[in-house]
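Going in written order, the chains are labelled A, B, C and D, and every chain counts its residues from 1.
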C-alpha cells in the first residue's frame, strides 16, 4: 500500500481508485503503481475492469473515488487531452486511427502536444513555425521507421494491414513523447508472426526509447513474455500482483480464470 | 469584354467561394454540420454596412469590422453549442440562424423589415478576387499546418483526437470562429455590392445553399468547394432559359448530381497519395459523414 | 501533385465561366445587340423589349405571377391594336424566388443580356430596392407595380412606381374609420415585412392622433396561425382591427377571430383586394373595409375589358397586383407613345405622366417618380366588393 | 387568457407532432433528415382538398386516400432519391433530399399555380365557449385525430410484427438483417407510415386554416423537424412531446413576450433545451465506448 504522498519514483501511482456505473463497481478501490522504465501488465477475465481502469488513467472516465498521480502530479479528474499533455499516451483496443488521413499525418497528430504552432503561426508561417513543422516531420519519420512503416508514410491509414495499423497506433502514441505508454490489447487479432514482432517492438520501445509501458493483454504468452510485473483484476478488485511466475502460481488468479469461486 | 451581368455573376461566384470554403472548414474538415452559415454572412453584411454608414470607416476597415464581429458571434455560438453532436449541432446552428434573421428583421438600426438602403457600392471584381484568394490562401495554410491536422483529427475520431492531446472543444470553436470570420467577410462584400440588404436573403434556405455547394464540390476539399460554389451560382442563371421550369430543374439536378457523384465533384477518395492536411471525409467515425446503409 | 490539381480546378472554373458566357449569349444572337442601341432613333427599332422581374417561384410566387399576368395583357393588347405604330413589344419575365439578391441578377440579366428597353417590376419592395441601382446604372427605366416601401424612388431618376403609397392609404383609412364611421379603439395586426410595417406605422400615427390604439401585434409572411395574437388582442377589447397584410393572411385572421368570438370591424389596405379574400374568409370577412386603387365592379369599359380578359386567359379573378401591373405596363406604353421607344425617351415619358386614366384610378407621376392616385374605399358586402368612397 | 393560449398551443403543437413523427421515424431507421417531408405534407393536403372539392368524396374517405397516396409518394421519393445513396454519406443523401423537396414544391407550383386553394371545412363550424376558454369543433377534431393517430402508431410499433422489425432495424441494421428481417421492406414501410402521418397533418391543417398552397410545406416542415429534434430525434414519444412543446412555446412566446420574435423565441427555447439535454428531451445520449 503506497502512502498518501507518493514521492517514491513511481511514474504512475493510483491510490484506491474506484469507478461506479450506477450500482456497478467497475473498479473498486484499486491500488496500482508503475515504476520508471518498467513494462507492466494488467490482466483479468472479461469484464474485470481492465479497460475501465485504463480509461481512468487516460481521463476518459473520471474516478468516483481515490486519486491518480503521474510523477507526483495529481491527474485524476483531468480531461484526456490534458492528461496526454502531462505525459500519458495510449492505443485503443479497437484500433482508432484517423482513417482518412495519411500514415504520416497520423503520427504528426500524435506529436500535437509537443508542438505549439497556433492559428496565427499557421497562417503567417514564421521561421519558428516552419522549423517546428520540419522537426515534427523528421521525428514522425524516424518513429515510422522505428516501427517499420516509413515506406508507407503517404498511404491512407485505412489502407494498411491490421498489424501495420497496430504498429502505426503505437508510433502515433510515441510521437506524444509520453512518460507512460498505455497499450490496450496490442496483440488482439494478430497472427503468431505479427505477435512476435510486436513483442520485440515493445521491448525495443522500452530499451531504446527508455519508455515506461503498461499493457492490457489477453494473450498470456505476450503478457507473461514481456511484462516484468503483472496485476490481476477480477470484478473490479485487484486480486493479485507480482512477477509473471508468481501470478502463474497464484491460487486466486487460477480460480478467477477457471471460474471457480475462491 | 464581360458585360455587367457576367461581372455580377463572377462577383457572386467569388463571394460564394468565400462562403463555401469557409463552411467547408467547419463542416468538411472539422466535421461539424452547420446549417447557419448565412447568419454569419448576415452579421458581416450588416456590421460592415453600418460601419460604413454610421462610423464612416473606410471600405477595408468595414469589411474587417464585419468579419471580426461575425467571428465573435461564431465563437459565442460555438462555446455553448459545441458539446452538441451531429444533427443536434446542426439544428442548433439552424435555430441560431433563424434567430439572427428575426433579430435583424426587428432591429431599428438595421432598417428592420424595410431593409438597409444606401450602402455605398465599394465592392469591385478586384476586391472580390483578392478576398477570395486571401480566403483560400489562409484556409490552405491553416489546413496544412498543425492546426489543420488537429481539425481533421476532430472530424475523423473525436475520442482518439482527445487522446492525442487535442483539445477538441477548442478546435471546434476555432473552426467556427475562422469560418464565421470569412463568412462575415463575404457578407461585407455582399452588402457593399448590392448597396441594399434585407434579412430575407439570409434565411435557412441560403445556409442550405452554402451546404449544397460544399457537399456537391466535395466535403473536406477546398478546390471542390470552389467548383461547387461556381456551379451552384451559375446553374440557376443558366436555367433562366427554362423559365418557369427553372426551380424544378434545379431540384432535379441536385438529386441527379448526388446520384452520379455522391462523394462530390472532387474528393480525396480516389487518390491514394494525398498531400498532408488533405483528406477524404468518408471513413471517419463522425456520424453524419457515415453512410446511411 | 498539389499544383496539378490546382491547374485542373482552375481550368474547370474558367471552362464553366466560358460555357456560361457562350451558353447564355447564343439564344440572343437573333436580335441586334450593339451596345449603342438604346440611343438610336425611334424609327429603326421595331422590336421593343419590356422586361418583368418578380417572384415566380417561392413563397411570394402568387404576387409575382399576378403581376406577370396583368402586364402580359397590356403588352398583348398593345401589340394587337398596334398602339405604337411599327413597333412590336416583346415581353420577357425573370424569376427572383422572392430573394432580393436574386432580383439583382434578374435585373442585370434583363438589362445586359436581353437588352430590354424598360422593366415592369420588381414586385416586392426589397427586390426593387436591390434592382433600382442596377436599372439606374444601366439607364433602363423601371416601374414597379407594387413596391410600396417609403421613399423607394427618391434619388433614382430611372425608378418609378404605380401603386398606392402606404402612408396615404393607411392614414386616409384611419381618418375615415374614426371620423366617418366613429371607431375609437383600434388594434393593429401587421405582417412583419416592408409592406406591413409601413402600413402599420402610418395607421398607428394617424389613429393615435384621432383615437386610441390598444394593441399592436405582428406576424410573419405565410403564417397560418394567428390565434395567439388574436387572443392577446381580444383581451384589450378593441372595436376594430386594422390588418396590415395581404388577402390570404387577412382572410385567415378574420376567420380565426370569428371562431374565437372576437367580433370586430376589420380594416385593411390594398393588400385585401383579391377574390381569394372571400373564398377563404367567407362570412368572416363580410363587412371588412379597406383601401384600394382598383375595383372590378367599376362599370367603366377599361376595367371591364381587363377583368374579362383576365378571366378568359388565366381562369381566375384579377387581384390588386394584376390590376396595378396592367396599369404599369399601360403607363409604359403611354410613355412610348408620347416620347418614343428608346430607354431614355421612355424615362422622359414616364416622368411626365399626368392624369393617366388607369383601371386603378387617375394616375400622375410626381417629380420623385412616385404616383399620385385616388384612394378608393371598398367594403365586402354579400361576398362582393362594393365601393364606399 | 393563459388557458386559452395553452389550447392554442396544443392545437398547433399536435400538427407539429404529426409532422415530427414522420421525420423521427425515418431518422430512427436510416438516420436521414428527410427534407422532402414538408412537401409530402403539402401533397397530402392537396389530395385531400381535391378529393373533397372536385370529386365530392366524403371527408373520411378523402382523408384516408390522402394518407395512402402520400405514402406512395413517400416511398417513391425514397426509391428514387435516397435508396441509390444508401451507401454514400448521409450528407449526400441530405442534399438529395433537399433537391427532392425543391423539385416537389415547384412541381406543385407548376401544376396547381401559386394561388391558395380553399379547403372547405367538412364540419359545420361550431364554437364551444366557457368563461375561460373558447374552442372550436375543428380544433377538438384535430386534437382527437392527432391523438388517435399517435396511439395507432405506438400500437403499430410496439405490438405488430413489422413494428418489431422496425425497432430491431433501428437498433442494429446488420443484426436485424442477419435475423432475417428484410431491411428494404422495413425502410419502405417506414417511409409509407411516416408519409401517411405527414399527409394526415396536411389535411388537418388544410381544413383548420382553410387553405392549401404549394408552399405550405416549407415552414411546417422545418418546424416539424425542429420538434423532432427537440424531443430527441429517433424517438417516437419524443416527437410527440417535442411537437406539443414547440407549439406551446411558440404561442406563449408570441402571447407573453413579443409576437415579432415568435419564431426566434421558439428556436431559442430549442437551443436552451439542447444545452441541458444534448440529445433532446427523450433522446438517448449514448456515451461512446472507448
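Operating definition for what follows: a contact is a pair of C-beta atoms (placed from the backbone, for glycine too) under 8 Å apart; a residue touches a chain by one contact, two chains touch by 3 or more.
Keep in mind that what you see is a predicted model, and the values were worked out from it rather than measured.
When chain centres are set by their Cα atoms, the one at the greatest distance from chain C is A.
Once CA atoms are averaged chain by chain and compared with the all-protein CA average, the nearest chain turns out to be B. Between the CA-based centres of chain A and chain C the separation comes to 71 Å, rounded to the whole angstrom. Our note on geometry: chain A versus chain B, Cα centroid distance of 40 Å, whole angstroms. Taking each chain's centre as the mean of its C-alpha atoms, chain B lies 29 Å from chain D. Taking each chain's centre as the average of its CA atoms, chain B and chain C sit 33 Å apart.
Those residues of chain B in touch with two or more other chains are numbered 105-106, 159, 244, 247, 273, 281-282.
Of all residues in chain A, those touching 2 or more other chains are 60, 92, listed in ascending order. Contacts with at least two other chains are made by residues 57-58, 192 of chain C. Within the complex formed with chain B, the residues of chain A that make contact are 58, 60, 79-81, 84-85, 89-90, 92, 96-102, 104-105, 108-110, 112-113, 115, 117-119, 121-123, 125, 129, 132-133, 136, 154-156, 158-159, 172, 176. Against chain C, the residues of chain D that register as touching in their complex are 1, 4-5, 8-9, 11-12, 106, 109, 113-116, 118, 125, 127, 129, 134, 136, 138, 205, 209-211, 213-216, 218-219, 250-252, 254-255, 258-260, 262-263. Only residues 27, 30-33, 80-82, 84-96, 98-107, 109-110, 173, 222, 225-226, 229, 233, 260-261, 263-264, 267-268, 270-271, 274-275, 278-280, 288, 290 of chain D touch chain B when the two sit together in their complex. Looking at the complex, you find that chain B touches chain D at residues 27, 33, 80-81, 83-85, 87-88, 91-92, 94-96, 98-99, 102-103, 105-106, 159, 204, 208, 211-212, 215-216, 219, 244-245, 247-248, 250-256, 258-259, 262-264, 281-282, 287-293. Partner chain A is touched in their complex by these residues of chain B: 138, 141-142, 145-150, 152-153, 156-157, 159-168, 174, 178, 220, 268, 272-274, 276-277, 279-285.
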